[in-house]
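Chain naming follows the written order as A, B, C and D, and within any one chain the residues start at number 1.
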């Protein structure tokens, strides 16, 4: 039993992610995306909101990695690395923005900014 | 490029040049002069064209010229006129000096803007009729909206903003549908011939092959623009408003030419491009036209605003024009085209009269002004003349066309017309259409005499505060005003007494159009019979 | 009406016109018929000078318009008009004299021509001349000349103001009337028809500052237009059915000939319905123009116009256009089963109705107007009874004596400052300078009353009434017409006895020529007190001048002299008019009908005898004609005597039976009271105007207002609603743009989810369906 | 590798320019500082020149897309550059005028222009994208700089508010299409677009692939400001300085449309049925809603910039008609090629909208605030005739008034929509054009027909001539391109030609025959 598993592992390493396993990963990734989305929508603190978008990005990233493993290609992982870079850049911007806004309104609430409407 | 093409081009270019001159070089006080001189000069090439036009081949495009513009869209600057277009161009050009003359005293502020746009409008109107390219036609057709919008919006009376908006938006909405319909036809023809062409003659030749359903939709789309423009009941409500608010020159041009774009569109596009559908729905269109005749006529009868009355009378009159088209026979088309040419003269005349009155009294309310014959006999004489022309008195312009339109309604029912006449091959309308439309004659007499009776006759009534506005006003019409009326008067008499000249001129194209419709209807009937036969044959052979 | 139908059939096939009872050699002679038929079929071209007849009056119109434009302040317009009309009349006379018996056309210019396929619709500006045309044109131009002469004096108060306008409209009228009568096609006829309507409108509304005149003008035009609609539709239908508008072609149309042949044997079912409709539609036009019930209401009101206008247009010429139309289109009427009976009955009803109203009026011009309506009723009855000769003869005599009556009344009106109330005038004939008016008025009244043998009116009226009795089933019309004749005699002499004889009395009217800019009244006030015998101080009647008197005298002479017309050609055609009518399509037994009949002879519908031969029928044991001379003659005299008794002054002037001593009181006053409200109702014209207003005009006006509101609210409202929809939509969705970041996020996320779900569901359903 | 590099020479040139600009923008000498925009211009011209020389991208879906698209990007970029001058650092330069020392720390000029060029670089990279990763990065490169540009474009609160909204919602949108990309990759096992297309064509579109496509498209809707991702648009356009708004109207929108075109090409357009059902339905609904929403909300605005923002939304809706219509068969002419129509319309829209925003940028209120209310432009043709006429001409063109450029562009959309059988959508487009006429006319009437006397607040010209020039050039293009439109249309048609080698998933997908087309067979 162990042998056969080992042989199997040796024969096709790295082994493709099975469909059922993939589903688990995808479920987690979807959950992360949705949690991020829900958090974005419900939380008023801008930093937390930003973190939620990060969660969404990483949810997508997780899916990419899972798919990459599923297809046994490097594309997914490559993609994720770039996503992480972009996320980092966005994080920098977000922090700068949040600081700028806090200076003007003394609050981190997104609802403080609703002069433009209609 | 032949001499004639240059002349045709001049009809469009001269007004544009004048507009540029007025807008960018001239002083406000010269605007009127430049416009007047240009519009007078423009008459010369027009007369030249009339002289060199080969009337015996009126159904062919003459003075044709084409320049590829956007080959990828199939758009060519291709101009040329058949006799119908030639006559309508002549009408547009002739109205030019008249409206300029009539504007001298009415327009005091913003003269540069006014005359420049008036000139642009002149050019655009010529362009509409001179286009041999579908898209070019559409471009000019739409373009006329802008000058008119500006004339109403800036130079109109109190409710001008709403009027101009309604005018623009209503017609624009309709014509967007028209564009869609036109594009569909072009597309269809391209699937048939493999060539994407906007050439009207080619399109006309192939469009009849569309299925009835397709044609119905195309017709609906085309009519969406043209029926609003005509305006056909119940799409007419912009017209009274626009007419009432527009400056005199605007009303004259609106009545004289712009409304005719709708009927011209129906004649030139809706009927040839969707012949079977038009044949199918002609009774419905005629019913709308007749409702318009009666409905608008009765509404005229209870107006107190004299300009609104005349505006509604346009709706009523144009009903005859559409009725003639819906009859789909030679007399109907002839009458309708004659109506297009002649209606503007009498209605335009009435608008001029009202404008002259308004300049003196600053009111159009018949309760405030009445019995002017004793004060302004010359004015009243012209008023009665144009009212009678509008009533459709024989010998004046309205009559021949009205007669032909009504006769055509009778004739278009096969049961009532002799076989062998083109257009007598089926029943679109019938005698009842003529009977009901004929009541329009009575109603026209009712409201126009009501108007004349109030405004010209009876004891003199003048508004109390008139004369407080601006310069002192001469009592009766001035020489300039009479000069602007004389061509219209002469035109009314000419159309009334010599319609044969015009009828001969349009005979060829009209017959060609009727034959085209007849051919399409017959071939569709034949193919339907063939299908029926096939079905029967198949049914008999299980 | 239904029971009439077979009778008309009989009429057509078996009637014998007493006037041709002695047989008509020309008609019976096949050779003569063929010759004339040839002439009908191929119409030659006439001399161009005939064009002078319509165009000289038109020249008058133009010249007068120019005079008006340059502000002429003399009698030049009148003399221009009189001169031109006289030349036109002379031309007409020469046309009459040079007429060789075959109709011809004169082409002025092309008018309306449409060509479709191998056919065309041609209506040129051309003139068609046959004897019917000549007959009409003779009295039109003749009377127009005379009346223009009369008007030159009558309208002289308006010199410098409306004088040119009056005469230019006058010229235009004669031109239009010429087109109507001489037009060679139906559209020309229509042109003239509408043209005379226009002139009528302009001239009724001549005193345009007077609201009642304006209203009357409007009413005349609009009521006429209703008729014109029928006429127009009839014309269109004629074209659609027969394929031509030209008389020459129409009357040689094989279809029409076939129909006439069918009609002559009573086989109306062989005639298509649409052909029968033509006559009914044309008839409506005739009713409008000739003021027949129910479209007569405009004519009495039309008396608002100057009296020469009333005389020429609204008595002598224009109103007979309906008669002319039916006469001209007689073959078309013959082929319609119901048209001629309807014409006969409508004519009779109009005659009776108008006479009853005329009896109760006090305005002498209105009495004359109603008498015109009534007499037109006679003419229509005559047409309906197939005696076009009688109708045309009555048109002619009526033109003379009614013009005379109007002009006399006009002289009175002119002289007494617009006074027309017969209660306020008396003994006018005895006033200084009014003798000729008195005498000529008497002649006119006698003609209208139809006093036997001495008046032409008697002959023409008698011809119609007699016809009613020889036509099976129509004697009731005859009796009604006789009663009307008595009423006519009564109300005519009522006017004469009250206004022209008896004690002299005059109250001036309140109309100081308010159409004048210069005060006409003042002119007469300077010699106040010199005429103390007049009740109104400061007023003296303005006796007519030479022009008026000459015209009155000529007309009086003409209306007597017209008696002779009844005797010329009596043997052949029952009078000169008969001979004129005979050679035209108007005659039901004309060569045209003969020809049609011959055409039909070869067919299965061959008939026993020629069309229109009536079996002589005895009335009261006498020849119908003789009987009628007695009955109507006695009736007329009776009517005069009744008038004399009730209205005549004491003494010989009242034929010794009258008892009136004052202007305003007479025996009738007491009698009228006995009748309760009836005289009042008659005076109020049986409230016909009010009824029309209540059931037609007012509802239509209300309806129009409703439409106007509908247009504003519903039609435009819908447009505005569609215009408003985008805005409404915008206001509805505007809250989605709340400006709150989370709100946007929710919207976006929600939008994405909803779209995904919708798309998947939509596609699944579409896929499932497929 | 070198073939790939040859394709992105313009981007490389732009990137180099960006680096230079970053430095020169902070240069102590004013002359050098002020030369910065010129450097940008040179870079853009160089990029445009390089773009014309770009070879066909072999193996991609639209091999000839690059030259035309990048040239129009560079050209509109030049216009935007003219417009952007003076947006930042105005106070600093005033201070320097008054003798204060220039402090590079406070200056934003360098990064502002750099960001602008970065954004354009991103846009160009989107055009070159043949891979999902590339596309993602290019799209982010397009957007990220704009977030900052919006925020720093004015010193007012509204810019910050605009910035924060734009940034956060942008992140949400990016996450969405990223997730879609992930699913696309998952479904096909490749990130290469041509590979994806190949996979779809051979294996059909799996449900996860379809889902991925839908989600990706929805995410990209943010870039093109289409329903349901359009909510940020009016706030951001209003909050940003007018030149930046103009840029937002063109740059991200173009990037989004290019991305969409490339993505849609992977599933392909069926010869008769067009896009696969789900995608067609999605785009149909989005297009219809986007136009209608945009136009309806624009109707009730008083702020001209908000109005233009909504009109920008509406225009996205119009252009989606072209997307749905697709490029037709290879060799199909312009009127059938919806993608060509979109590419051409992007140019038209870029020029028109730049013109209008240029007018708004070229005037300001007396208190230095931006002109925004419709009253501010009242009577502009009298007070500033050149600007007024630019506004009138460009607005008329946006209205689609014949014969201006916008009409020609719209006609392309019309004809492709009709000839691809999407007549219903064309009707919606027509009705929307009419609704749009309402507010455009209001704008025209305010600028041209009303007199300045009606205006509540008075405006004055802003001191930047280049903005005026930008406006005049835009208006000039709107008119003159009419005459010279043919090469552009031809270019668009060539650019939008789908590679004949492209496998078409839609053609292979088992689809039920549509009864509509029965009569054609």
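Note that in this section a contact is a pair of C-beta atoms (placed from the backbone, for glycine too) under 8 Å apart; a residue touches a chain by one contact, two chains touch by 3 or more.
The structure presented is a predicted model; accordingly, all values stated were derived computationally and were not measured.
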Chain whose mean Cα position lies farthest from chain D: C
Distance from the mean Cα position of chain D to that of chain B, given in whole angstrom: 42
Euclidean distance of C-alpha centroids - chain C vs chain D, Å: 78
Inter-chain centre distance, chain A versus chain C - centres from mean C-alpha coordinates, in Å: 99
Chain centre separation in whole Å, for chain D relative to chain A (CA means): 28
Shared-contact residues (touching 2 or more other chains) in chain A: 37, 40, 49, 110, 113-118
Set of chain C residues in contact with two or more other chains: 734, 737, 739, 741, 745, 749
Shared interface positions of chain D, touching two or more other chains: 164-165, 168, 172, 176, 234-235, 300, 438
Touching pairs - complete list by chain label: A-C, A-D, B-C, B-D, C-D
Of all residues in chain C, those that touch chain B in their complex: 109-119, 121, 125, 187, 190-191, 193-195, 198, 201-202, 205, 208-209, 211, 214-215, 217-218, 221-222, 225-226, 228-229, 232-233, 236-237, 239-241, 243, 274, 700-701, 703-705, 707-708, 711, 715-716, 718-719, 723
Chain D residues within the chain C interface of the complex: 164-165, 168-169, 172-173, 176, 211, 214-215, 218, 222, 227-229, 231-232, 234-235, 277-278, 281-282, 285-286, 292-293, 295-297, 299-300, 435, 438, 512
Complex contacts: residues of chain B adjacent to chain C: 166, 169-170, 234, 236-238, 295, 298-299, 301-303, 329-331, 334, 371, 373-374, 384, 388, 393-395, 399-400, 403-404, 406-407, 410-411, 416-418, 420-423, 431, 434-435, 438-439, 441-442, 445-446, 449-450, 453, 456-460, 497-500, 503-504, 507, 511, 514
Interfacial residue positions of chain D with respect to chain A in the complex: 132-133, 136-137, 140, 144, 147-148, 151, 157-158, 160-165, 167-168, 171-172, 174-176, 178-179, 181-183, 185-186, 189-191, 234-235, 238-239, 300-301, 306
Of all residues in chain C, those that touch chain D in their complex: 726-727, 729-731, 733-734, 736-737, 739, 741, 743-745, 747-752, 754-756, 758-760, 762-763, 766-767, 770
